[in-house]
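Shared between the two complexes below is chain A, which pairs with chain B and chain C, respectively.
Take a look at the complex of A and B:
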């Protein structure tokens, strides 16, 4: 694209740009080479070699989260939670680097609102896993529920199995990778980021998406309003291969069969509004 | 919000009363207003089991004569049984206002049921050969203890924890629903049906009766109507997705089957576990964990998905 630096062009081709409407339309570019700079006042300085584990079976949800916090506060960088019992809201709000291993399944809102930890969940997760995640990685070994990665803002969220409906609804960044199928309305109102579905996608994929990119390896039952096929580039294929290989989900036949879905951007009618009104719409 | 659960043991029986109680208790946070069970025991040939009440739980705190009135209502019910020629085998008092009768009867069962419900305050909760329907205010442990469900042997069951949104907090509006006068059909539902009144009028024109203003009752009546007209349970569930509007996930049980259907939006949750001998399904996995604590494979059914399992 004319007038852009090489780096901005690369970012543009990878679908990692967005538009910010602030008085006038401006394109803001995310640098793929930018380091991860996440530091929070409430984050803890932990040592990955300092390991702790505890049994969550007899604990209330608040006690489990408090226990994780206490261990991080005392410098533990690797924490194993056993017997979570598919209960809700476990591991939420962790704002620092951490190896968190969940030995079992989580209920709703598991590891939501996190910024930095690497989480591995040996079981399945319920609705809204890792919602609003800012950074880090979450890997789910079994299946996931609906609204997987809702409003995701950054990091990698991976499910090796199938997930429910409305995966990545309202996602604003980051990457969601699904090893199996995803349900209806996945990518609904997606604004940024990338979603990769190795299996099939349900009806109305990418409905009303503003931006971002969806890759599907299987069949798409139907596309949603304003979701259109995009052209796969070499950069897309390279990124897909690298990312799927990283999580051992690269199909044996490669990524040549993947389809790319992007926003048609025909719903961007608010561009006709006055600058002050644009802020209200957004 | 509401929580629903179902469980079926294929080819065997188990202490299904305790199992479903544990599942529903773990879903208490989805709705604490009332809890209901539809449990399918082993049917005995030529025998009927009827669960009914002659007052609401809240009635017990009102009026000076309520305790006497309840006795009078029950006496009228008993006399009507005698009058119609039913042979009583046993009578159990689950609570002061809810009872379980076992009887044999050769006459018109629908007519008998209508005659009993003609008694003031009387409502048949279930009538059939295998189904026993219990519902009351309180959480699963409370209702189960009150009605002595622990130890109840059966093949399959469904249950419901209710957060009242569309109708009153009373037994009448609690799930499961049984579709009078069809034996052994019960339904639990999580969601909202938006063409309820339209569909209800259609069902009423066909002669069906509704005992509540709860939209979930429509699903029981609808299922009974379909099965009565020769549809299979699977066909009925599939057609309901086409004909009934709203966001819903519901579970249906018949004398020997368990089924589920999910709406076109997949907006209401359901988690499924299926093995060779057991199928468990619930609004949340935590309910299945109450039954099977070890790591298992579970998944969410998708939109418009219909499943049926045989006992």
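Take a look at the complex of A and C:
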């Protein structure tokens, strides 16, 4: 940094901050000898073998979500929701281990913000299914709308059919698997995680992606800015085969034909002097 | 296997981010600042190295693989091994008396195990926050 002090001073004088971005180190609370506990302390103690189902027809959205919560509270680990009627925001905010079966279709923002459950949806889903999902699995048997898995943080989100545009926009982790085709701008501003498209991908795939990996089994209409082909490794192939087999989506000819797309990282230029550079350019 | 890959090139040594200053690319050297993570975020897990603790965790949750833990790696913060906890948006230092494995895949498995123990502990910071702020 010694040779950059003049530039540092210049940015200070122009009113630009030079804050170093860093996480906060936690050095307390933790011992590796903690007792073995596999669920969050405040989560509901549920039994996967204890099953309940209810008819959602005629219930308000909030009533449906509260009903799911009450059943978890009473120890039900498998819950079936009949007749969801493609309403929005069903099954959101579930922070528990659970088998949730949706017998029908969901509207916008279905099963968003979840952390842990295994969800199976027998119908279709609207925009932003599993948006901000943290952990768990979601399997959609038919097609999905746009922004499928927007801002996904973790877990597996699977659509056996085709999905719309901007799939996995801003995803920060986790895995999205599409059995069919995906629309334009899939993986837009992706930051990490993995996307697997068994069919074709629309134009501008991976546009402005910062990091992460996209695997495509079909044709790619075009790559977006800073999305470039990557080299497929043995670990990639083994992971792809195992993951696709898990969801019964492994093609009969294997994964040898899949292409790997990664970030070119030409956009990796953010630093504490960037505001100065922008000022100079403008 | 050594240290895996980082920014498209092989890492020479697994302790690269403990011993080094993090200035690898031309851009980093030019600006004198490390860019991005101090580990390969795209490194996929080697399931042959799964620990018994993680196997039990996966079974408990009803999953078939590491699920969200596939994105958890051992990183290095301020010259110390650490794991990032997204729930507190901060790094949790690996205790100093923990012996580090000699390859990144085993270190990642260790980091996943320690993170689960930390997150599920009653002494996790979110437990107190939950009591104070939960609405229903």
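Criterion: the second predicted complex is superposed on the first by the 229 of 282 C-alpha atoms of A that agree within 3 Å, B and C clash if a C-alpha of one lies under 4 Å from a C-alpha of the other, contacts with A are read in each partner's own complex, and residues count from 1 in each chain.
Here, a residue touches a chain if its C-beta (ideal position, glycine included) is under 8 Å from a C-beta of that chain, and two chains touch if they have at least 3 such contacts.
Computed from a predicted model, the values in this text were never measured in an experiment.
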| item | value |
| --- | --- |
| Partner contacting more residues of chain A (chain B vs chain C) | C |
| Chain B versus chain C as contact partner of A:252, first or second or both or neither | neither |
| Which of chain B and chain C A:161 touches, first, second, both or neither | first |
| Contacts of A:137 with chain B and chain C, given as first, second, both or neither | second |
| Touching partner for A:127 - first (chain B), second (chain C), both, neither | first |
| Intersection of chain A interface sets (partners chain B, chain C) | none |
| Sites on chain A touched by chain C in the complex | 1, 3-4, 20, 22-27, 29-32, 34, 36-42, 48, 97, 99, 116, 118, 134-137, 153-156, 173-175, 192-194, 211-213, 235-236, 239, 242-243, 246, 262, 265, 268-273 |
| Interfacial residue positions of chain B with respect to chain A in the complex | 264-267, 269, 271, 284-286, 288-289, 293, 295, 297-300, 302-303 |
| Contacting residues of chain A [partner chain B, same complex] | 85-88, 104-105, 107-108, 122-124, 126-127, 142-146, 161-166, 181, 183-185, 202-203 |
| Chain C residues within the chain A interface of the complex | 7-8, 27, 31-33, 35-36, 41-42, 44-47, 53, 56-57, 60-65, 67-68, 70-71, 77-78, 82, 84-86, 88-93, 95, 98, 114, 116-125, 127, 130 |
